[in-house]
Each structure stands twice: as structure tokens, then as C-alpha cells.
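A, B and C are the chain letters, set down in written order, and residue numbers restart from 1 in every chain.
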Amino acid sequence: MIRVENLGVTFNKGTALENRALHDVNLSISAGEFVTVIGSNGAGKSTFLNLLAGEIFPSTGHIFIDGADVTNWPVQRRSSVLARMFQDPRAGICEDMSIIENIAIAAARTSPRGFRFAITDNVRKMAVERLSMLKLGLEKRLHDRVAMLSGGQRQAMSLIMATLGSTKVLLLDEHTAALDPAAAELVMKLTGEIVQKFGITTAMVTHSMRQALEFGSRTIMLHQGQIILDITGAERASMTVEQLVQMFRRKEGSEISDDQLLLA
Amino acid sequence: MSKISFAIAGAVFSLALSVSAQAADAVKTMSIITMNDTPQLLEVKEGLIKGLAAHGYTEGKNLKVDFKSAQGNFGTAQQIVRQFIGEKPDVIVTITTPTSQAAVAATKDIPIIFTTVTDPLKSKLVTRENHPGGNASGISDLVPTESQINIVKEIVPNLKTLGLVYDPSLDNARSTVESIKAIAPKMGFKTIESPAMGINNVPSAGQALVGKVEAIFVPNDTTVYGAFESLVKVAQDAKIPIFTAERRSVQRGAVATVGFDFVDMGKRTADMVDKVFKGTSPGDMDVQYMKDLPNSLALYVNKESAAKMGVKLSPALLKRAAQVF
Amino acid sequence: MSLYAFIGALETGLAFALVALGAYLTFRVLDFPDLTVEGSFPLGAAVAAKLMVSGVDAWTATLAAGLVGCLAGFATAFLNRKLRILHILAGILTAIALYSVNLRIMDRPNIGLINMATVYTPFERLGVPSFYAPIVLLTVVVIVFKILIDLFLGTGFGLAMRAAGANPRMAQANGIQVGRMIVVGLGMANGLTALSGALFAQMLGAADVSMGIGVIVVALAAVIGGTALMPSRLVPMLTLACVLGSILYRIALALALSSDAIGLTASDVNVVTAVLVAIALWVPVRKSTFSRRPGGLK
């Protein structure tokens, strides 16, 4: 579903601030896989996600999604095959508009927008159906402004929005990092359930090693712009955080200096 | 004087007073609207009040005056006109073209006297100048361009190119400029236009002409007059004489004009208003042109400024002048 | 205030309500402070007047004016999107350019329209007194466009436009071409403004190249004042607020002009406007202050 060849990006090339944020990245993610991406600050994981999403363009390499070469596609065009969730609960929604209006906007992501009314009975029905999966009662508050929702509720709603239509790929950018522990847990649980239910290929960037191992079926670790670990299957299932740290040390010959990575 | 003659004189006097008081018994209301309240236009209002006083109307006694400026805002002008109409004054006096158009469009009943309008026909205020019919008539401040140019040529005999500084958004100014351009060929000179879009651009409009013209002419233009001193300075530094179309600007530094005085124009407007008060409909009054009215044009010169601008005024000219600043 | 002054306020308020609706689309929906209005308002007047004195009937002329106004909006959008000029500056640049364009169109700074057949003439012929005539037509026009805008903002395209203004990043991530939304939105807003200019010129009796001065402030006073007095999140209520705001502003102005007791003159219009907007902005602040009292609702 997602294939990345020889991907690399260098910022400020030729200047004193030159930064090879990512280089020689090759990766293949099959349909329906849930991959967690981990790495310390500066490792390149946000850059990687931004490249997949289309917010930045690579200096080298290609990106293929569902067979199509999307390397040069801008954000709007890529949204026809992928959806993205941000860390800031305010970033993924229009808070001055109502829940149903936000859903309607997301619902049209994978289909052309016309001059028909956006909020039809079909859209309403679909909104109720999907939102009830969250079990947060949002389906009864369709006309409430999103600004009235809590951070956790907003992220849950964003999750539903991101999985509407014919979306095949979901990119999660530390989407629970800004929530309190209870809300974060709930949203993660919902994430797992929903992507599995709809068979959505998912790449989740997380800052927490624990979370990276707990969710999904495969974990990739980035360090200094390259993939240094890629574990899946039985090996991953039984792995603990300490073991993961050991693996890192062996590969890199250095310590993980990022406390948050270890303790979170 | 003996006591008896005193008494008779006193009786006759008070009789005369009471008779004139009878004639102007009812309080007349006049509503004045102007688009801008620049000093030049305020002079018109001043003349209007003075002129009416001479006809026996005193503000506060038998004359009520409501004066409003639209501050350049067309929406406000529209509302002011509507408000005036609701108050049903005896006459509405409109200063400048846009307000005149607004008033004429808004009422066919209340008498309108327009003033400081350059081209009443083109502005569609009246359909003809003689006996216009309808409820509007007034005075045009059309500049007698040929007389003006004659003076320019008299004082600057080597005139080859005349610079024209004006604000192209002002209809009055543009009309005058077009008129000068039209007579330029037969009078033997060329023209260069230097538009000033707004008061801040006035000095640079003048500077753009330096080295290209032998004289500058400024039509009646509230924008340029608003920054006139700055233009005068540019002209004095470059030794280019400036000529204008009315009196006050000569006082402020223009070399000369065969022009009229805006206070005087106000007084002539008052003459028409007086007729309206006495019952004549504006439709029965011919549109008047200030330049054609008797004694309206006079030669005004500024000797000091002329010297600074490098021109000499002949003694014969100075003798002809009605006023020398 | 006389009935006449009130009617005048109503008429002027309705004529400018279209500009207010345009300002709602740009300033509020698209979050794009569009100052093109100072140029597109007289542009509409200029186009309509020029066509009318050239023999075109008033209705066609007015319609044409509206369409040409859209072009002004496209110009500003082009400056902003393709040349990456800041939105405020883009609008100012277009407005400045339009000043010269308008002079060109009219060939002179002012075209008189008195005693010509205007869009209001048919109503006068029906026997409606001439000072009421504009109200009938303007009310219909304003209502029609208000409803059209309400419906439009409820369509998929309109909703996308709202998202583009509310959260451009989210909109993009949902496949919305933000640039396209801006082009269409600015086109619509300036088309409405030009239409307003054409209608106003026929009411005033002239098209004048300086007519645009102060229009944006009046439009903003209407939008800000109206939405502050009638707070709502629903689009139909917001557009209604803008229309009412425009009318109320004119009425307040007429009151200020007519009450000599306060001693205000027309020269104080700008201060009056500022005070009105300030009061309108203070109202919601006062409401929320109350709710923060202990025991109050939160």
C-alpha cells in the first residue's frame, strides 16, 4: 500500500544550516498494516510523516501509495488517498463549525465537492452511525459547535473524520500526545478498533516506546534520518521497552538520550 | 436738530422699519450642503450669509441656516439630502457637483440653488440653461480660460509650454483643463498635464514639471488648493510662475489671475436665494455663469511672489489690478 | 428624525447591505481582509453609468456592473495567491489601480444620471412616490442575494469555502483547494460590491470616481456591529445580522445628524462610526463578564 524508495530530504542545502533530515529510506507497508514509528527528537519521524502527507517534498526518492507515484502530489491531491491526524486537537477540525458540518467536510474528501447541499440525510445517517462507534454520545450533539468539545472528544471526532470515504491510509502524528492520560488511552483504543474495522493502513508516529510496542503490528525506529530498527511478528510481540533499548544500543553503539522516549 | 424734526425722523424711521419687518416677517429656512468643507468652499458659504444679510435676512432673526458637510462621503451626502428634504426648508443650497446631483435626483419639489458647479448641463442638473424649468438653477464657476491665458501670456511672453497641476478626480478641475487644452493650439502653446491624485502628491506634481514648462496653471481645485503653499514653494524654487483662477490663491502666492472671489460667488448665490425666498421658482431663473456676471472678474496680482518666481510685473499691469498683494 | 430621513437611512442601508454581505464573505468566512471594495464599488457605478449614457438599458448595465466587479476580486486573488502579496496589500493595490481604471471607463470623474431611466423608474411609473421607489427594489435584491449566499454556504462548495477560511491547513488536508476558494469568494464579494455601487449611483443621480472612499469602514461597521448585536453561529442569522447592521448604522447616523441637541455635525461621522463599532464590540464582552461572576453560568 505504501512504498518508499530511496527517500531523502535535505533542508537548507548548501548553507551553514544544512540538515540531512532523512536519507536512503526504503520501506514497504502492506495494506491493512498498522506501523508505529519511533525515534528521538531530530530522528526524522515528523519529517517522514510530512513527506508522506505531502507537506514537504523529498530531495531524492519516490513515494508510492496504492500503486500511484504520489511524490509530486500536493497535500490537497494526496488527501484523496490518505488522511492525517495532528497532535493539536484544534488543528484537525474547524472549531467554530458544528460537528455535522465538520463531518460533511471530511466526507467530501474523497469525492468531488459540488453545489448540492452538504448536509443531506445520507450524511447525517452516516455521521450518526460512525460517531456512535466512539460511544461518547457525540452522535446526539450533531449541531453543537466543536469548540464545546474537550480535547479528547475532538481527537476522537477527528479520527472518525479521517476514516471516512474511501480513505486507504491514515497518518497519525503523535495524535494523543496533547491529551490527558485518560483521554489519550481512550483515543488510542478507539484508533486501534477503527483502523482494524475499516482495514486502513496506518502509520503512527509516537514519542512513547511503550505505546509503539503496545499498538499496531510493526515498529520502525528512526535515528539520524535512517531506519535502524524494523521489528514485527513474534519478535515484536514479546519485546519489552528495555529490550528495545538494548537493541538500539547494539545497533548504534550509543545511548538513547531522550528520556521521554524511555519513560513515556 | 430741533426736537420736532427729531421726533418726525424717529417716527418715519420706525415706520420704515416696521414695513420692512412685515415684508421679511416669516423665518426663512435655508439648508446648505457641501461635499467638502475646504476653506475655498467655506468662503462660498460666508458670501452666501453675507449676501443674504445685505438682502435683509439675518441669521437667528428671520433666517434659519442648516449647514452640513458630507466630508467627502457619498453615502453621508445621500443621507444629508434626505434629511434636508424631510425638514422641508425654503431652499436647499448645494455646493459642488456631487451634492447638487444628489439633491436634484432626490426632490422635484423643494427649490434647489446650486453653486460652485462648473458644468451644470454636463452634470445633468438642468436640461437647458435658459429657463431650465424644474426646481433647480444656480451659478456656475466655469473659468473664463481665454482671459486667464491672456494674462499668462502677457506676463510670460515666451510661453511655449504650460503645465497644468490638478486632481483628475475633480470634475470641475478636469473641465477647466480640457478647456485650456482646447484653446492651446490657436493661442500658440503646448500643455503638459501633471495630475495630483490626492493632497500629498501636490508638491511632486509640481516638481514633475520643472524644466519642462515656462508657467504653471492651477484650475479651481480643492485638492491642490489644500496644499497650495507647497506648490508655491516648488514654483518659487524653480522660478516658474503659477497662475490660478481665483483671488484667494493669488493672495497665497500665485502670480496673477483674472478671476473671481469665492466670497463674491457666495453673494451672487445669495441673490438667487433671495429671489427664491420672494417666491420665484428656480426653474424660472436662468443658470448664471460667474464669469459673465458684471464686476465678477477682476485682475489680482501678487508682486512679491512674482519676484520670487522670476517674473516682472509691468507698471501698466499693476495699475490695472484691482488688488495687489 | 423625519420620515424622510428614516426612508433615506433605510434606502442607503439597503444599498450598502450588499457591500456588507460581501465583507462578510471576505472578512468573516474567508478570513481575508479585502480592501478592494474601495475600488470595486465605484467600478460598478462607473460601468453602469457609462453603459447607461451609451444607450444600454439600466438593468443590463447594472448586471454588467456586477459581473465586472467579479473581475476586480479575481485580480486581488491573483495578486495574493500567485504573486504571494499579503492579503491586505493585494486589496489595496487593486483598489489603487481601479481608481485610474474607473477614470478611464467614465472618461471623466463624474457622470450624471439624473432624469435617466434607472432600475427604479418602473416602480415610479407604478405610482410609487419617487422617494420610496428604491426601497422596493433594494429590499427584493438584498433578500434574494442574502438567501442565495445562505444556500451557497450550505452546499459542498460553500462549506469548503468556510473551512478554507476557518482552518486552511485542515481544509487542505481534506482535499480543499484553498486558493480556488479565495478566488471564488473574492469574485463573489466584489461582484456584490460593484452591484451595490451601480444601484447606489442610480439612486444618487451620479457615478463619481471618488465614491469608494469610506465604503469599507461602513461595511465593517455593519458586519461587526450587526454580528455583535445578533451573535449566532448559524449562517442565515449572520447574513441577516450584516444586512440589519447596515441599516441600523445608517439609522444611527441619521439620528446623530438630525439631533442638533447633541451638537453633532456630518464632520463627526467618523467618530460616530467608531463609537458605534466600539459599543457593538463591547456588548458581547459585557455579557461574558457577567457569566464569570461567582455563581454565574460557565
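As a convention for this text, a contact is a pair of C-beta atoms (placed from the backbone, for glycine too) under 8 Å apart; a residue touches a chain by one contact, two chains touch by 3 or more.
These numbers were taken from a predicted model, which means no experiment stands behind them.
Of all chains present, the one whose mean CA position sits nearest the global mean of protein CA atoms is C. When C-beta pairs in contact are tallied for every pair of chains, the largest tally goes to B-C. Centre-to-centre separation between chain A and chain B, using Cα means, comes to 74 Å. Chain B and chain C have Cα centroids separated by 35 Å. Our note on geometry: chain A versus chain C, Cα centroid distance of 43 Å, whole angstroms. Residue ranges on chain B touching chain C, taken from their complex, read 37, 68-83, 85-87, 97-98, 101-102, 104-108, 122-125, 127, 168-171, 174, 197. Per the touch definition, chain C reaches chain B in the complex via residues 1-5, 7-9, 11-12, 16, 99, 103, 108-110, 112-116, 130-131, 200, 203-206, 208-211, 213-215, 218, 250, 253-254, 257-258, 265-267, 269-270. Note for the complex: chain A touches chain C at residues 53, 75-77, 79-80, 83-84, 91-98, 101, 104-106, 108-110, 113-119, 145, 161. The residues of chain C lying in touch with chain A in their complex are 152, 154-160, 162-163, 166-167, 169-178, 233.
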